[in-house]
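Across the two complexes that follow, subunit A remains constant while its partner is subunit B and subsequently subunit C.
Take a look at the complex of A and B:
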């Protein structure tokens, strides 16, 4: 029974991957852009959930890393002549990790509610640096990202070609999400989970809970930076919106609505949010109001998010199915 | 000399406003252990309600009474039907709920009143100026400071000198024991939360004529109020007083002396406090 379930799961994943790869043939232009955006936000939300879902750390400042990654990419490409694109992405990600280390060393001194509050204040700090340091960040005008072609030796990839950006995001971000999943399965990833459940006991067992949490924080920040870097590439432009409180709100809503209890939840959330927002904003300007009401309803009634609802639906079907079977056997 | 005095008074007025906002935040956090993200949204909603009341009545005084009353009622409903339901699931859900609420209120305000800034003009003696040591100064800013002193004193009096205050403070430490003594603790928490909402609406009404009424007003004050709470120590009324004063003056003189960095200064101060004393100036150590 379980093996059949596993096979079905694998077939399902295979078909999903295949259809993702075929997408540029099936849809075009605007729709493809939307899908690229959903991919980028998936990584952003997954990185956020490593804090919220795994470490139990609620941050209201994740956009500071997303924005740092986006701006670092644009700035690196502007100031370093002839910098290959992927190297710029790597620089931006590493730089964000460094920023995450500094911020984390300060913020992780407190826990719980004060942590939540401070992350918000730091996000505001980053945003005001973005405004004030306009000679570098472009201030309110933002920055245009000079996208160089990626030279593959035999073939040049033009980054203004939508399918190219889509495939690049899908491959790099998709595999990063895969690595995150792997990370949560490792001893290190599991230890973070246990620290959330019982920190004192983990300390008695000899774990340095502070260091574990800091590593996770840095990793989560770096991944958000990577997502931000691709956001800059996709738009060929960075504005303060990447580092704003709205960007923080967005990841919070996506992740929670997708479900913080499952690894794949934030991906569901990011896809749902991107398409639902797109759908709503065509109908009304006050789409955030509807999104906010939905969020509150889920906090109250469906704390497991979409993933949680899907799980309970599966349980329900399975129960119905198996109870039907046992009924037959009884008869 | 007179320039320094004027900026000092500006600082005092902003400190007064910051205290009015952060006192409600501190009250709710200190008493219920809930960081109310919706506080600044209540503040903004309070200001908009006051704006509408002023349009109808043509005077400032009805607004200052009606708006906190409406927000008090809203606070009762929020606590009873929303916050209470997630309380058992821990502080993450309380934060998420109040954050979501703030978002919804913010968007509702945009929907109902539009996004254009609205001017709230006071008339009568509040609109006048006064001459102090050779400098002309608007009375309204002094009024803000006076009101904040009055509110602060009243809060301290109620919390530390009356029976209600003793019960509320006891309920924070050991709500089960207080409940066993025959006190309706859920009702008490509801009243505290609603009072917090009314206080933030009051602050919003006071802020309206100074800063005008606009959808971004919540975000800007929220961050400053959070910095006050961090610097002063979470849940400490005395800390809120001191931190409001420090940040109000820092903001004011920052604009005078380092106009380019004025926004960053208060964050630097926050970072400094965080490094030296993570629990805040008057805060209790986390266990």
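Take a look at the complex of A and C:
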């Protein structure tokens, strides 16, 4: 059973990857943009879930990192002449990590509700900086991102070509999500999970729980910054919306709808949210109302999110078609 | 040299003095017990030794080093390990993962971003050895919450031993156990702590008298008497204050 299950899983992943690679041939430019956006938000939501699902830290300020990554990319490309695009992405990600370190050192002294409220306050602070410091951030007008080609020596990748942006996002963000999954299996990832389970005992087992939490916070912030950086590249434009409270709410909704109890949940959530929002906003201007109602319904009736529903469906099928005991997977 | 020294420990919460001038020493491999009625300050004393609180005044020395103001996680790394009165394990994790948490900490594998503890055969083997010592190897993959009460106590002990400590602090290791479970637990504690110094807090006199080399009686924050089990049994002040109604 396990071997057959593993084979089915591998075949499924292979087909999924293949179809993702074939997408630019199959769908329109607009649809491809939507898929790129879903990829970016997948990493954004996965990074958020590392705080929420793994460390049990509810943040209302994740957009401060997403926005910092987006703005840092635009600003780096504007002020540093001849800066290669991928180096700008790396600078933006590292800068966001640094911001995460500073904010984390201030915020992680508290837990629970005070932590959530302080993250909200910091997000508002970052947003005000974005508005007020308009000479650098462009204020309400936003910034146009000067996208240089990526020079591969023999071939130049033009970043205004939709399939190029799509492939670049898919490869870099996809492999980063893969790294996040690996992270959950490492000593550090497991320590974070154990600290959520029983922080006191971890301290008496020699773990410095503050440092663990800070490392995770920085990592999660940097990943959100990377997602934000690609958001700026995809749009060739950054506005304050990248750092706004709506962007924070968005990641909360995506992550909860996708399911915080499973690694892949936020990816489901991000894809679902992106497409469903697109679908709804074509029909009505009051799409947030419907999205909000759906969110409430899911929190009440399917607290495990889409991933939770998928797991239950899988269990149901397994019970129906096999008579043996089934393994339960967690995180 | 004594492995643990408590010198003039005082602890007050607000205006309330919970411990007054507590002094004792624990030798290498010695089994030292602290007894006393509820509210005598036993758990507070433990919290101070293990680093959950700092003393208001006085010193805690571990292996000759003053650790009074060193945080708990550093004391744990130095070789001091404590158990909890209310079983304090990782309920959702398997028995093996509970032990592995301490074993890998001991090996310095706490925050590594690449190495996977489960894939380190030496650490897994070491964890299995500890599971075996506390009689839980057969429940290697059972989630802690599904273990029987006595087995959870054994796992608590296993987690405490997982750091390969030089000194263990056992906070009422048989609390809430049945007579049979208590007898088994005493045997196990004696077996696994043969080469380790031990400080035990207990309520149950049978447990104390069968485990301890030396006993201190704590009464309203003051050490009333200190001596061998025989001396304590015959001490008139102790009888008056605490043991009076117990059948010894």
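The working rule: the second predicted complex is superposed on the first by the 322 of 331 C-alpha atoms of A that agree within 3 Å, B and C clash if a C-alpha of one lies under 4 Å from a C-alpha of the other, contacts with A are read in each partner's own complex, and residues count from 1 in each chain.
Just so we're on the same page, contacts are C-beta pairs under 8 Å (C-beta built on N, C-alpha and C of every residue); 3 or more make two chains touch, one makes a residue touch a chain.
Keep in mind that this is a model prediction, so the values were computed, not measured.
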Touched partner set for A:191, first subunit B, second subunit C, both or neither: second
Partner chain(s) touched by A:212 [first = subunit B, second = subunit C, both, neither]: second
Partner chain in contact with A:106 - subunit B first, subunit C second, else both or neither: first
Subunit B versus subunit C as contact partner of A:137, first or second or both or neither: neither
Touching partner for A:183 - first (subunit B), second (subunit C), both, neither: second
Which of subunit B and subunit C A:203 touches, first, second, both or neither: second
Per-residue touch tally on subunit A - higher for subunit B or for subunit C: B
Subunit B versus subunit C as contact partner of A:39, first or second or both or neither: neither
Partner chain(s) touched by A:169 [first = subunit B, second = subunit C, both, neither]: neither
Shared subunit A surface residues [contacts with subunit B and with subunit C]: none
Footprint of subunit A on subunit C - complex, ascending: 50, 71-74, 76-77, 81-82, 84, 88-93, 101-102, 104-106, 109-118, 159, 162-163
In the complex, subunit B residues that touch subunit A: 29, 33, 35, 82, 85-86, 89, 91-93, 95-97, 99-101, 103-104, 107-108, 110-111, 219, 222-223, 226-227, 229-230, 234, 260-261, 263-264, 267, 270-271, 274-275, 278-279, 286
Of subunit A, residues touching subunit B in the complex: 52, 56, 58, 60, 106, 109-114, 116-118, 120-122, 124-125, 128-129, 131-132, 245, 249, 252, 256, 286, 288-289, 292-293, 295-296, 299-300, 303
Residues of subunit A touching subunit C in the complex: 183, 185-188, 190-191, 194, 197-198, 200-209, 211-212, 215, 330
